[in-house]
């Protein structure tokens, strides 16, 4: 199983580090491969925590930031593509997605997961702009209802929910 | 100048056809090249209307739907990429974007335009899920404030607003 | 009809400028839209010559070089992708391809056209590395014989040959 | 270290299976992660052999064939892109490349590795069209000489040569 974790590319606080640890804790239930879009900001915390727990980590990198210093054990995928195209590869490669909190990039990754019919879990109460997504789309984004977006406050619960889904195929829609 | 128009890929009503005509009317002020992500649904109405007004039309197609019957005068770009990756090429190639109304694909295209710092105009009161975007993000999506999302009710005004911006460069952000 | 022209991204000589003029001359027979991967090196000569003859020009740009000064009349597509991914979009969008002469990038574009089953015309005797392709692959590249690569010495003939093919669909092969 | 192995997507003979075993044997010297563009044809033989030797395998899949049955232990990357765009991601993500033999797709992957300045090893005497590449380009493809293409007859030697290169950065060229 492969779980994408969407997380802020910029600054974060101690409480977010704690949330990451709890999400990974919840994920140890299924021990998935963790897919991340980079190794900076909060994504770096996720990668380090996942590796320390023995989870396999794959970094799917945009061309703007592809020559980063990465952990020795991580798989590196250099997409040759800009940030948002890279996000599509990230989400498409995953069986489910957890948005730990972030800005427009993280919001788009949650919407990508919804659009592809993948289980989408958004951690709320983080103080990041992802918190606001629920105001517009409390469950589904549109009539296709490809997957229900789950907004949860408990990070460990978020990790567990991402474990429940497996073998999801990509559903196409224009 | 190149203006992307994001529009619903599925069914639409007469009022939406009227909105398209008014948007194009507003755009005749600057006579931009119109970029569209396909030639089906409401996008087809936009393409036909733009061509009938003498505007150049470019269709940036996803691999899932690249062998469509297109108008003889349109430029065809086959990205070889899935829907959402194709949307990135669409938005990145534009100087500004008008979201005429649509579902998750259109919503993501509006967010892409914001993320790239391009003038983003969202038509509201359409009955489509794009109407709900304003509830979460009434002006900016995050602290970077790369561009202000303008929600407008008047389609002709939407067209005119898209004409104001030119020579915008892509701002990168992760 | 859309014809891709693959041409050297670096330095060139007067004889290559002459060849470009003759290729465009041959193409005036069908007045296609000309697709190019950039506006530098010999590609720039092609763009300027095509525009001066009244042909529509589309520049399909890689992210490394997307903010170039382009002719006012050209359609600009910013792929957000690196050089070689951009080349795939270029070739996939075309009905046939002429390689006017170039280095590894041009060689790959000729092979892409072959792989997609598109009419592929390679100008020979240019002094560029493309001249050497015929040594390895004098007609077909492999058993699939998706299209025959035509090596021609007369640039005007190259242009005319590219006009003959139209409405080719992409043939898929792994 | 990450090594891409380019191999035929279609039918193969016993001698090719033997070559695969020997290549992997040579690679056990550095125990790299093996990157492959699919899990069919000769690529499947490579994946199975690599996994049986304890090497980590990453499958970088094109959209045309992304829902394959893959080995449980392989990392799956769904690029959402057509065959050739997928190949760019494959090569760009690797530190060096071995072309075990194949048709136009494999030939292009070898040229991509050259174009990106990555060590490129082409196994020869396979009976596949890759054998013909040396006729045109016996060492370098063009004047940039980004990397020397090594044509070798001994598969174990090919594996060992791919181990020598590490930490190569992508060199850009148009």
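Order of writing sets the labels: A, B, C and D. Residues in every chain begin at 1.
Please note the rule applied: a residue touches a chain if its C-beta (ideal position, glycine included) is under 8 Å from a C-beta of that chain, and two chains touch if they have at least 3 such contacts.
These figures come from a predicted structure and were not determined experimentally.
Trainee: Of all the other chains, whose mean CA position lies farthest from chain A?
Mentor: C
Trainee: Have a look at A-D versus A-C and report the one with more C-beta pairs in contact.
Mentor: A-D
Trainee: So how far apart, in whole Å, are chain A and chain D when each is placed at the average of its C-alpha atoms?
Mentor: 30
Trainee: If you average the Cα atoms of chain A and of chain C to get two centres, how far apart are those centres in Å?
Mentor: Measuring from centre to centre gives 40 Å for this pair.
Trainee: Give the residues of chain B touching no fewer than two other chains, as numbers and ranges.
Mentor: Correct list: 80-82, 84-85, 88-89, 92.
Trainee: Which residues, counting only chain B, touch chain A once they are in their complex?
Mentor: Residue list for chain B touching chain A: 9-10, 38, 40-41, 62, 64-65, 81-85, 88-89, 92, 103-105, 107-108, 111-112, 114-115, 129, 132-137, 141-144, 172-174.
Trainee: Given the complex with chain D, which residues does chain B contribute to the contact?
Mentor: Chain B reaches chain D through residues 63, 80-82, 84-85.
Trainee: Touching chain A in the complex: which residues of chain D?
Mentor: On the chain D side, the touching residues are 2, 33, 56, 58, 60, 66-67, 75-80, 88-89, 92-93, 169-170.
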